[in-house]
Amino acid sequence: MSAPAAGAAKRVLAKGNEAICHGAIAAGCRFYYGYPITPQNDIPEYMAAHMAEHGGAFLQAESEVATINMILGTSSTGNRVMTSSSGPGISLMQEGLSFMVGSQLPAVIVNISRSGPGLGGIAPSQGDYFQATKVAGHGDAHLICLAPHSVQEMYSLTMLAFDLADKYRNPAMILGDAIIGQMKEPYDPVPYVPAVPDKPWALTGARGRAARHIKSMFLKDGEIEVHNWKLRDKFRKIREEEVRFEPYMLDGAKIGIVAFGTAARVAKTSIQSARKEGIEVGMLRPITLFPFPEEQVRDMASGVQKVLVVEMNTGQMVEDVRRSTPHHERIHFFGKPCAVPTPDEILEQIRLLAGRKG
Amino acid sequence: MKQVFDRPRTLLDARFHYCPGCHHGTIHRIIAETLDRMELRENTIGIAPVGCAVMLYDYMDIDILEAPHGRAPALATGIKRSLPDRVVFTYQGDGDLASIGMGEIVHAANRGENITVVFVNNTTYGMTGGQMAPTTLLGQKTTTSPFGRDFRTEGYPIRMAELLAGLEGVAYSTRVTVSSPAHIRKAKEAIRKGFEMQLKGMGFSIIEVLSTCPTNWGMKPLDAQKRVLGEMAEYFPLGVFKERKQADFA
Amino acid sequence: MTKDIIMAGFGGQGILMIGNLLALTAMEEGKNVTYLPSYGVEMRGGTANCTVIISDEEIGSPVVWRPGSLVIMNGPSLERFLPNLQPGGELVINSSLVDARKVDRTDVRLFQVAADEIARNKIGSRQMASMIALGAYVALSGVVGLETLIGCLPKVISKKYERFIPLNVNALKEGAALAGIHA
């Protein structure tokens, strides 16, 4: 299926992985490089079939190490570029990502995450939360990180990721998993105009202008420190201006769930059931994981009696929740590493916290 | 003791998970038979790749280490340096060895690392669902070369056995197939030679095996066999590309 | 109203195709819908299944552990999914390949359709078995309209196989008619 034009009137039934491609193409991404890995192969396969018809290029790189450096190259010319991978592949990209943060180069990196550590498995997992939100390889580097929980968001957050990456000259990651990657759902190709800023830093050949250099090495006295503070200011601005989240049935809630992506999706079902049982429960769903909605979590945590963090791992985002609120005693964690929790399992946790017997 | 099965001792009594008509199973078997015949089972360490053969440890009753994708030759180097008197071999697919692992294989070979490499070339990525490999033939359609491989954008299929034969450190480089009983005999002979050279400390040996992937080629097993001896063997000629003689080994 | 359906059978029976068609039809009717296929390693075992959820409300979990409906095209799938079918749930089985005596529950609404036989003898192609089962399920449950379903066929059948659309239409109608009699 060809990518629909943004603003087309009709809803489109698409796989999450496909919607990412549609979003990328609508955002003006014309270059895709990648290396096969399950469970995201639909993305390179789609781009292999469709990049050319949009006047762009698809290339299967020899590895993820090569991939991220091809990304770096195209980005340095000012064009929008994307890759996608999973677990081991994203790990291999860490060096390049650090170079991109250091060189202040935008790109979109999609992580349809799988189970780890190591080769792990291809079951859906949220075990890459720390990697996606805390670091971009070595150095004091971060990625902007967006966590879709529907096919609609796979589409629209991909477009947003391109805009944010360009705005801040920093790589942005879409953190999904096999469930939202493989599931089909209708999405609305919402009207959208890519926000592409001028790129007075792009390497295009120094015809009629001073030569430009893009680099991440700063050896002169104090230079790298200045550079780090500059990046810090940028990340601070991102934290101040780019937080996105969805409050879900939080009115009058005594229990507040914090969950993202697929876990949040399942939690919605549990919350609906619990509400029917008369339990006042709601959810704060972070859409941006970096920047993390700290203030919103803090406010929610001070308004409820209990906070339940649900993740498909053994406990990662829960540390950010703890960091956001002084009410540590209110925080409870329910984790399911490398598996999707069932609505009943989460409901059971909610009932326990509400003091109900299941 | 009477031998009841014709299953080699080294081969575990497990059902292969490979698709019908896939050569991985045959290649496992001949490695196992060779290790048996040379009485090397208890002295051998194998490295499993990332690829369809990742579960090598389910089939072979020898010590086996699972490598990250493409890094088997580096792991093998680490083992061999630490235990030089053990026989060390890697088992790798074409995505594993010739794409992501190109760096590791070239440098292990160039160092003359005293290991044996069994390289399974099926012109595609089996495990991940039939994407283009560095060995994919020109015009071959895969899920990431949907219009057929084009040399102008994807380059040419890599002939690994020839490429590595050009390196000083390589003692033995050959290409075989297991598409008929006669070819299987030759393949077994080649693997034996590889292990023998390793035992003699002569350096790096690679046995490239042209192999099938009926599933991702969209072919019936018999047609897949034919493809190996047909267009594959035409582009990837069978034969020995380098064989170090005892005499010229300094 | 929310309906969740698991469809399961052998790979090659067209399970993912009918799931996709049902999802598309639901979207055409303006409903919310999710469709989740089995993927990856699970496919190696030669089985295929998918989950479709259709609702007027926002759909939460796209994964379903206790489905309200089952469309079961082969024996192993019955064993795997029947224990989790909700009491009162709809169970369509392809009685050509599934032994109805193995349905050890009396608290479900069982409908048997000899889909393979009908496909072969009446429609003229065994490939149509899953379409017959889908037709039957749609008529039984009323989850989407048969006309919309038929109208969506051209969207899931590639140009290459266009000539088979009438066959698919017949299969859907045949399944629906059978269910109509028994419903």
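Labels for the chains are A, B and C, by order of writing; each one numbers its residues from 1.
As a working rule, contacts are C-beta pairs under 8 Å (C-beta built on N, C-alpha and C of every residue); 3 or more make two chains touch, one makes a residue touch a chain.
Keep in mind it's a predicted model, so treat the numbers as computed, not measured.
*Asks:* With centres defined from CA atoms, tell me which chain sits nearest the overall protein centre.
*Replies:* Most central by this criterion: A.
*Asks:* Measuring centre to centre, with centres taken as mean CA positions, what chain is farthest from chain C?
*Replies:* The chain lying farthest from chain C is B.
*Asks:* How many angstrom lie between the CA centroids of chain B and chain C, rounded to a whole number?
*Replies:* 43
*Asks:* Report, in whole Å, the distance between the mean C-alpha point of chain A and the mean C-alpha point of chain B.
*Replies:* 38
*Asks:* Once you find the CA centre of chain A and the CA centre of chain C, what distance in Å lies between them?
*Replies:* Distance between chain centres, rounded to whole Å: 34 Å.
*Asks:* Check each residue of chain A and list the ones that touch at least two other chains.
*Replies:* 38
*Asks:* Which positions of chain A touch chain B when the two form their complex?
*Replies:* 35-38, 41, 44-45, 48-49, 57-60, 62-65, 88, 118-119
*Asks:* Where on chain A does chain C make contact in their complex?
*Replies:* For chain A paired with chain C, touching residues are 11, 13, 38-39, 122, 178-180, 182-186, 265-272, 340, 342-344.
*Asks:* Provide the residue numbers of chain B that touch chain A in the complex, in ascending order.
*Replies:* It is residues 50, 54, 66, 68-70, 95, 99-100, 102, 125, 127-129, 131-132, 134, 143-146, 153-154 of chain B that touch chain A.
*Asks:* Quick check on the complex: what are the chain C residues that touch chain A?
*Replies:* By the definition above, chain C touches chain A via 20, 23-24, 27, 32-37, 39-41, 58-63, 65-66.
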